[in-house]
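Two complexes come next, and they have one chain in common, chain A, joined by chain B in the first and chain C in the second.
Now for the complex of A and B:
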């Protein structure tokens, strides 16, 4: 083995350089470039078929790119087989060895590298401890619950002290409540260990909850990347605005000082580069008013109102404007009131 | 009879009837009756008769004299009128050996074959599988005679062997141990390929990827990621080959000749030409013990995996 994780070094910088991958006629990745910093929790987010899993598998060495390079800490990994990369994966199905105990599953990578028995024991004990699996060490995978299996898969990868840990939708098999818990634990673990994590998910809530940075992918290319709040507050495209959270899209023509839309004129925070295009506003940024606001006001009627506990959601006419607000007495079907679209809440989208 | 709910234990509803699982279970036992009669009448009772018969003696005209002795068993161990000879023990050991070697060759051939077939695109996959099974639709005796033809002096196989000096200039490849193995392996190969194929088809390849991801060499990836997953199919294949191979008599009879007798032939001789039923019974029981012995070794080596 040529490259194996250096035990003391944690968290490597990973560059993905213009990676192209085709499966027959279909292009899974059309030249994706990414820069992932050391110790970062990075998420590849996108709908199914966007190429996020393919990219993860290319980083793991389970798939070869047709073009492009994978560089870890200045070292080109592109041609290196999976078993020689200082990178470990938590598989979506966990892929625990059914004939091996929890202990042996966790020791697997260490034994592959012929580590000294004392060191194997030390590391497995550590892995069992940080994921609270001590009680289950002697069990076989089929005797574990989904959450326990997931922790074993995580421990099995972590004890190798990989420079980058890859997680392929590791929470998709867990129920919603457990998933929320595991997200927090995963985030905490990553910060505690200071490792570079790359997570693949199609769940935007999950991506926002755990990530330092998110890369939003769409049909084989990178749509937008940035911190969760950057991507959420400043989506660049219509796809980004709609995939990450809910968004109202308003179409119109550019006029001096704003945008001409179906119900009037909107003042924008910046002048768009296009003649005709869209702006987006998040439902929770729409303000409800009893009197006509000074700017960007719109007379609306409540078409539908839904009580969601923590907030209220409503669809307003015209424009099918979706809003979210705290308790609001006027939010009854048929009620007429004013909505304000504050200029700083409007995001000009690229065409 | 009226029963109180508490005495019924857990209640279930079965086609509108309120009853207990225990009652349903007892009622279901009647469905086992045909199988029980079958096994009792055709396996247990004849088996016991065979045990009894093995302690009897052959009469002068092939009849059975019930004079309870261990004569047949001492013959089985090689003691005859002319003192001890290793012949019967050799036949038994040779049978064990032939069954073992046949099984090993079948496994070695079937393993790559099963992988090849299972990784073909679905449309051609079943075509390949059919090719493995088709010979199987021909009667074993006919197939074995076909091998006699193919291995006879004027056919290319023998010609090649003649040129290479492996056999005399006008010799045939049968009767010989080689011919027996050819016949046995071709007869039993489908029995290993089929169950193995079904294991390989359902193989979870993510375990292979996990092994690679966890720094395994190719060898380790195979033995940890693939091999354990194929064990169930392999086990079925081994049992389906080893047991019938132990008792096979058609193939050694037609392809092995008099010098390559197996225990199956010995038993057949006792019940036909020699008309020595008691000795035939003793040899049959010897074969049964030997087969169980072979499986026990396999089971011990399989550690923890449920094999039989």
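Now for the complex of A and C:
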């Protein structure tokens, strides 16, 4: 018995069309367009001030865009106030009503629409059940832990069967261990309910762990979007390469068949469009060898090595190459060896 | 931990004594059998009994209570609305600063200035309607004018501490404004509203200056009665009456403080 089972059918495509938002002189969003599919776990990722929260608030109806439209299933929501949108939000602060019990908090969105008491009870019970909150139904918010509050906020939004659930940094108040747990639960819940989730976060690990697709944002515009592996493996820009995980950037000049860098010539998987520019390689894609590799080899010396248990991290000279490799054998500072930068691991960045 | 100089403690105690001894003296004298002078002549509660049999005093007490209750009700409603409007309407930064000053001004304006202004205003209004003849109505209006700012300030500080998240959460959860006000805003503001109302009530109960200037011949209040009687000589009945008013005020202030702290 699931009250939101038919959400798979009703949840629809959400279009963000050229949305512009200014606050006084500052431009928070400079014409952002997005297409979010039904049943998708979509993440708006970016550093603070990139406009991700503003975009979420515009979708929720808590903020009006200066230009552009928000369209859900072909219906224009742009001018609709928040209380008339089939969209619910989990706030960063959770914003639980402090004077209402967990039960009444969850029932709030149902009662405000004057739903029949029997239906209210059924849905609240369901909400309590899927988020394992039955035991806490009578408690007040201040009697709950951070994780429990977050589950109440989630239940309070979900029982309304929104077509889109918006989550504004919902895990920022949780400690690291709990956060990892909640990420998995959130992902499972979203798949089980088949709802469209839009998550806002600045945490790239979190984005990678839960999302079907990620939109990376930077100062009011969309930098790149795609599945987590697309964005991670094929960052288009330097910002994308550095924001999602660590990246080594190598600058050089284009030459026939490759790239001329400070330490030699690299073979590239594709010819860059620029004359002079950068390529990126992830630390874990750099291979260490005892003998000179056939191509893209570099004689290096270990400048610094950090043992991290499951792996080790090292910085190599020359050109401060950062690598990540298995913990054995241990690298020693001063040790000399060969590094291979496989062509298929090199990503040509746009200038 | 710093050891406090014993002198500081002594000064503090002396200061407190200075503040409370006159009240204590009056409270003690209100139980003194002596009618004139300060000599202790045995304990009695006669003065309190007589107080309750004095028709003039009872009439004044009734007026004081009606005045305090009605003006507090009006000021609480208006002050609460004012606080919500000042705090939640998207004013510009500049106009918000001005509005803040406007709200504080009545609190620091000397009562006598406000009283004179009211006399002038009512004088002008009498040209339009006889409603503004000095009496209970003009007194109520006068009290409301100084009570509003106190209510608004108390309610506003409570509003500030609530933040705006709850407004947004309620809107996100399909609540229209009136549902939000009934179900979220008023319940959460209640301690602030009650505290503001109690403060306003106390101020009205004790007010002399505004009442003196706006009262009519039939609207004597307790403070006005005490003032008139004292000119004829202080009697133990006045001591008893003052003690009762003081007690009522203390109780209200304590209750108001308890609610604000919650």
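Worth pointing out:
Here is the rule we go by: the second predicted complex is superposed on the first by the 339 of 351 C-alpha atoms of A that agree within 3 Å, B and C clash if a C-alpha of one lies under 4 Å from a C-alpha of the other, contacts with A are read in each partner's own complex, and residues count from 1 in each chain.
Methods note: a residue touches a chain if its C-beta (ideal position, glycine included) is under 8 Å from a C-beta of that chain, and two chains touch if they have at least 3 such contacts.
Owing to the predicted nature of the structure, the values given are computational and were not obtained by experimental measurement.
Annotation for the three-chain superposition on chain A: chain B and chain C clash. Of the two partner chains placed around the shared chain by superposition, chain B and chain C are both touched by A:156. Once the two complexes are overlaid on the shared chain, A:113 sits against chain B and chain C alike.
Looking at the shared chain after the overlay, A:91 reaches both chain B and chain C. In the superposition on chain A, A:83 makes contact with both chain B and chain C. By the touch criterion stated above, A:333 is placed in contact with neither chain B nor chain C. In the superposition on chain A, contact of A:99 is made with both chain B and chain C. Common to the chain B and chain C interfaces on chain A are residues 60-62, 81-84, 87-89, 91, 93, 95-99, 108-109, 112-113, 156-157, 160.
Listed in rising order, the residues of chain A touching chain C in the complex are 60-62, 81-84, 87-89, 91, 93, 95-99, 108-109, 111-113, 156-157, 160. Within the complex formed with chain A, the chain B residues making contact are 204, 206-207, 209-217, 220-221, 224-225, 228-229.
On the side of chain A, the complex with chain B involves touching residues 1, 4, 60-62, 81-84, 87-89, 91-93, 95-100, 108-109, 112-113, 156-157, 160. In the complex of the two chains, the chain C residues touching chain A come out as 163, 165-166, 168-176, 179, 183-184, 187-188.
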